[in-house]
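Following: one structure in structure tokens, then a few remarks.
Labels for the chains are A, B, C and D, by order of writing; each one numbers its residues from 1.
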Amino acid sequence: MIIIMHDNAKKSEIAAVEERLAKFGFQTHPIYGEKKTVIGAIGDKRQIRMSEILLMSGVENIVPIMRPYKLASKELKKEKSVIDVGHGVTIGGNKLAVLAGPCAVEGREHFLRMARIVKAEGANILRGGAFKPRTSPYAFGGLEGEGLKIMREAGDELDMPICTEVMDTRDVELVASYADIIQIGARNMQNFKLLREVGKTNKPIFLKRGLASTIDEWLMAAEYIMSEGNDNVILCERGIRTYETSTRNTFDVSAIPVTQELTHLPIIADPSHATGNYKYVAPVAKAGIAAGADGIMVEVHDCPECAESDGPQSLKPEKFADLMADLKKIAAAIGKEI
Amino acid sequence: MIIIMHDNAKKSEIAAVEERLAKFGFQTHPIYGEKKTVIGAIGDKRQIRMSEILLMSGVENIVPIMRPYKLASKELKKEKSVIDVGHGVTIGGNKLAVLAGPCAVEGREHFLRMARIVKAEGANILRGGAFKPRTSPYAFGGLEGEGLKIMREAGDELDMPICTEVMDTRDVELVASYADIIQIGARNMQNFKLLREVGKTNKPIFLKRGLASTIDEWLMAAEYIMSEGNDNVILCERGIRTYETSTRNTFDVSAIPVTQELTHLPIIADPSHATGNYKYVAPVAKAGIAAGADGIMVEVHDCPECAESDGPQSLKPEKFADLMADLKKIAAAIGKEI
Amino acid sequence: MIIIMHDNAKKSEIAAVEERLAKFGFQTHPIYGEKKTVIGAIGDKRQIRMSEILLMSGVENIVPIMRPYKLASKELKKEKSVIDVGHGVTIGGNKLAVLAGPCAVEGREHFLRMARIVKAEGANILRGGAFKPRTSPYAFGGLEGEGLKIMREAGDELDMPICTEVMDTRDVELVASYADIIQIGARNMQNFKLLREVGKTNKPIFLKRGLASTIDEWLMAAEYIMSEGNDNVILCERGIRTYETSTRNTFDVSAIPVTQELTHLPIIADPSHATGNYKYVAPVAKAGIAAGADGIMVEVHDCPECAESDGPQSLKPEKFADLMADLKKIAAAIGKEI
Amino acid sequence: MIIIMHDNAKKSEIAAVEERLAKFGFQTHPIYGEKKTVIGAIGDKRQIRMSEILLMSGVENIVPIMRPYKLASKELKKEKSVIDVGHGVTIGGNKLAVLAGPCAVEGREHFLRMARIVKAEGANILRGGAFKPRTSPYAFGGLEGEGLKIMREAGDELDMPICTEVMDTRDVELVASYADIIQIGARNMQNFKLLREVGKTNKPIFLKRGLASTIDEWLMAAEYIMSEGNDNVILCERGIRTYETSTRNTFDVSAIPVTQELTHLPIIADPSHATGNYKYVAPVAKAGIAAGADGIMVEVHDCPECAESDGPQSLKPEKFADLMADLKKIAAAIGKEI
């Protein structure tokens, strides 16, 4: 790291900083400019708290040189991770993942019907919510355990992996016993206890970006999971909060190439939650694939106006079919397949 | 609610909307403009999902008329809530609350020393973290149960209520057995399972605003807690995420008068997390009180550079004493006391 | 518009609002709910200031029903505008526009060389800055009049339209005498005097979205230009300001379908300014085209490290050639051509 | 500045960077870490374009050490600037400035009446708009030259300085001939030609923060003005754009202590534009003064519902009187006066 001293830092202050760094095993290399002195410090940052230096007399700022995550970083693992999610499906390779299904599991018949439809149109992973995070305490919260059973039945019938969210540390074991992929929702991206808990399972984790999380914070959340021994993390960009109100969130399309530069983990685009409006789902899904995402997650419902949640952003089966046809062409144009 | 139809909505589309609304017990009042028709609908919104109407043919948008929260709303309870937090202390009245202490409980001796100092300077509630949410999985996570015991001892010795955070549904019972006030941190403001769980306790809840939460979402989080029967919710503005990087977050000072217009719940200002820099803590604390907050939460540490967490934003005891002296004058200037 | 009254609005207050609306020629339609009264008002909103009603006793809020822009709106003109920018090039049709060139015009030889290169690779419009808005007063501000002459020479030699920015009302006449397309930069999107002035020319206007402008504000800026009689406005999405710092701005890809729903004006994607980093330009350009943009504006420089400005986001000619090859395939995949 | 090399940077790449820096007169000090090499470079940054180094092979990033502004910086001038704005009034000293008046100058009689009222209540500078930036091209744009005359008459009659906005380089001479203080509005904070032009006058400049400008960009805008020889710049915080919609903008109260740490220029709080709602003006004004602002700018109108613009955020005279009474007490509490 680099310690930047104030313009008027005294020699004794500089010496004190060097001394403290040395005490923690750092080698120091001061550079004396005309106005400012900076000190390069080489050593193991984990041995010292930043504030221990930052708050010393004469110190203006500290510039870290290394990214804060390790296991998620490309520095550790250069080749891209291809994650086996079961039932013969992988995420991160040349074949794009398409996770589709209704927002919530609303009932057995309905979910099975939707599952068959999305499979027929080319989806290779089923999505659905059994535990639903809802802004209002009075809204439908999901079928919980019953929903998990329904999803499992559909996954088995159609030989497809299922992806579903867990919201509570107490439910991790239950969800892990049914799901092929465990989803951490945007609102729980920094629920650190939950991250640790899913890190202890052997299931791939689908990690949505927090509503207003930076890319660094997101990769630190992945690091939490990986630090417990679970390397199978799949990132999902689902839109960030900005001042613009014409869409529910703002899909950060450049997060796709940025994460691909920083991490070996695959990334999926979720145009449904990003836009909150079925009219914009297809253009944003196409944008995500064209930008290099490893797949999409999209909400499909045969009767959006009857959907228990997120109806306005759900695609009807025929619109989903149109989208899949377009995505196939775009995938081919960039040398991938669906 | 008001249903706004598209410019070219057909008579049959308008009729269909009215019919569906009527089916759910709404009275409808269409208003035919030159270009647009709008339909006023009177009834119980909880009987219908918005999307059921929004996605009908010819519908452009729906404008809700009522706020989504009820128990937290001033419509239900006009007079301000004054919350008894134990040990003779209340929040929401004419006497301002001052919650002070180190970010984390670091050890018995240290916490007791800090507690005595902040009490001597005029704090009336002790704060400290036993369970710490940390961005990095490799950082100090708190003393957990041991930290709770230390806080309780300090609270009892000094006859002061203690406020500490819970991060996991599995720890609610434990934390509730020690704490006078249970804190929900910014990162867990939409951890809905946790909100429900603390709503089942009989302890006052200190609800921090989410990192990028709107005021409406914040009050809906309060509603979650209150919907379980716990009316004792204290709001805490701790800065929101914006594009500005010279402070850790941006303290939203206008959230103080805005919440006071919308809800009967008291609101506390947290200048420490808002700014992330001890230099700006005092001006922002004074701003919060001048704007009408019911108190402040502030981090105090006798050796910020040794602090296990949040050292850079902690006030040294002498700076805390200066701040308290200033706040007393400002409180007096606006007819309150500390 | 809809006037929402407070819960406890008195009959006399409702009557007073209706009376004032009637005075301005509005028809009023009150709807009496259990708790709230709302008043539908039909008439010409331009006859009245909103605040004249909003501030009346008993009024809680006003909800406008119509969008604030007219000329830019699809309500006025349903079919998409195809704008003739000279030299046989149009923007808004099936053939995508590619505006390319260096950020600044740095000299005659260099610009001519770059112009020939980008034309050879398939660009059909030349871009370059003669007047440069720079954050620092000490940075290169452009060749001004000399730069315009160089661009014109290149445009004539290659039979291509040229697009360049104007920053000052005093320069509009000069720029209009050289340029085929006049650019309004992001920082001047709400420089209303400048908008009016370019609205008086007969040149197409390339209107960049403001750094933190909503889509409605952007379309109101277009309305300013159009209200002076110039209908030839081309929108350009160039990234918005958010909290994320890994890119210079956040490219708002959903602005493409959103504007296409609201306005008949064409929209161009600018991945260079959006990302600020050459590594992310190609993925974001592809995303923009896949989402339905009418073209791209991209900075190309044969020696980015020598560029007078915006070097870090400039593509080298060979990378531009690669991008054009990819874009041709994506354009074909969505039924367009380059 | 510090050049950070990639993990795998080759010796030859490091040597090439050092060589180029040396060519521009920099002394270089490489520090070789276990994984990364960083190079400290001492010299005059203005001699080199950042991109010339940033884009070299093996370079990961550059960290500037010095702030980009000089004249506005405390490094150049430590003591706070006290700016003489005429008629015996100064801004930046112990006596707080109160700029008050209607948003727009609407007519001679009205403005004179308002001016007398605000003076009677303790305002010491008159504000009013003769040229009005309006989001809609169809809205009232101000009385222009006629408005300037009216303001001058009021200023002379009451012996008060007047502050009014200029929006166009062509109007600078005219506005400077009437006004005591020239305002640059938020939308023009990066209208660099206008900044240069007002920098050439000898009038104090009232520089509003841009709608979404960082504090660094704001101080660079001040630097533009000062680089033309005009040192009399007064900053004005008027709220920034965030995702929160319950106020028109979010008043960034911490910008007050932050700018006071970085610059010698005084800073004024504008609660009217920050909140957009008269109900929140007083609490935010008090917060600004408590946080250390050098004064406030506030809109006052005797008939807000008749105001040509910004009625909803204007205080009625009696509310302004109440605010002044409160501010006097708060000013006294922090050792200042009004």
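Side notes on the structure shown:
Methods note: a residue touches a chain if its C-beta (ideal position, glycine included) is under 8 Å from a C-beta of that chain, and two chains touch if they have at least 3 such contacts.
Being a predicted model, the structure only gives us computed values, none of them experimental.
Taking the CA centroid of chain C as reference, the farthest chain centroid is that of B. Two chain pairs are in question, B-D and B-C; the one with more C-beta pairs in contact is B-D.
One inter-chain figure worth recording: chain B and chain D are separated by 31 Å, centre to centre, where each centre is the mean of the chain's CA atoms.
As a whole-number value, the distance joining the C-alpha centres of chain A and chain B reads 26 Å. The centroid of the Cα atoms in chain B and the matching centroid in chain C are 39 Å apart. Multi-chain contact residues of chain A (touching two or more other chains) are listed as 212, 241-243, 245. Across the complex, chain D is touched by residues 212, 214-216, 240, 242-247, 250-258, 261, 274-275, 279-280, 283-284, 286-292, 326, 329-330, 332-334 of chain B. Interface residues of chain D, counted against chain C in their complex, comprise 46, 49-56, 68, 133-138, 141, 167-170, 187-188, 190-196, 210-212, 217, 220, 223-224, 227-228, 241, 304-308, 310-312.
Interface of chain A with chain D (complex): residues 2, 4, 7, 29, 31-36, 38, 40, 42, 63, 65-66, 75, 212, 241-243, 245.
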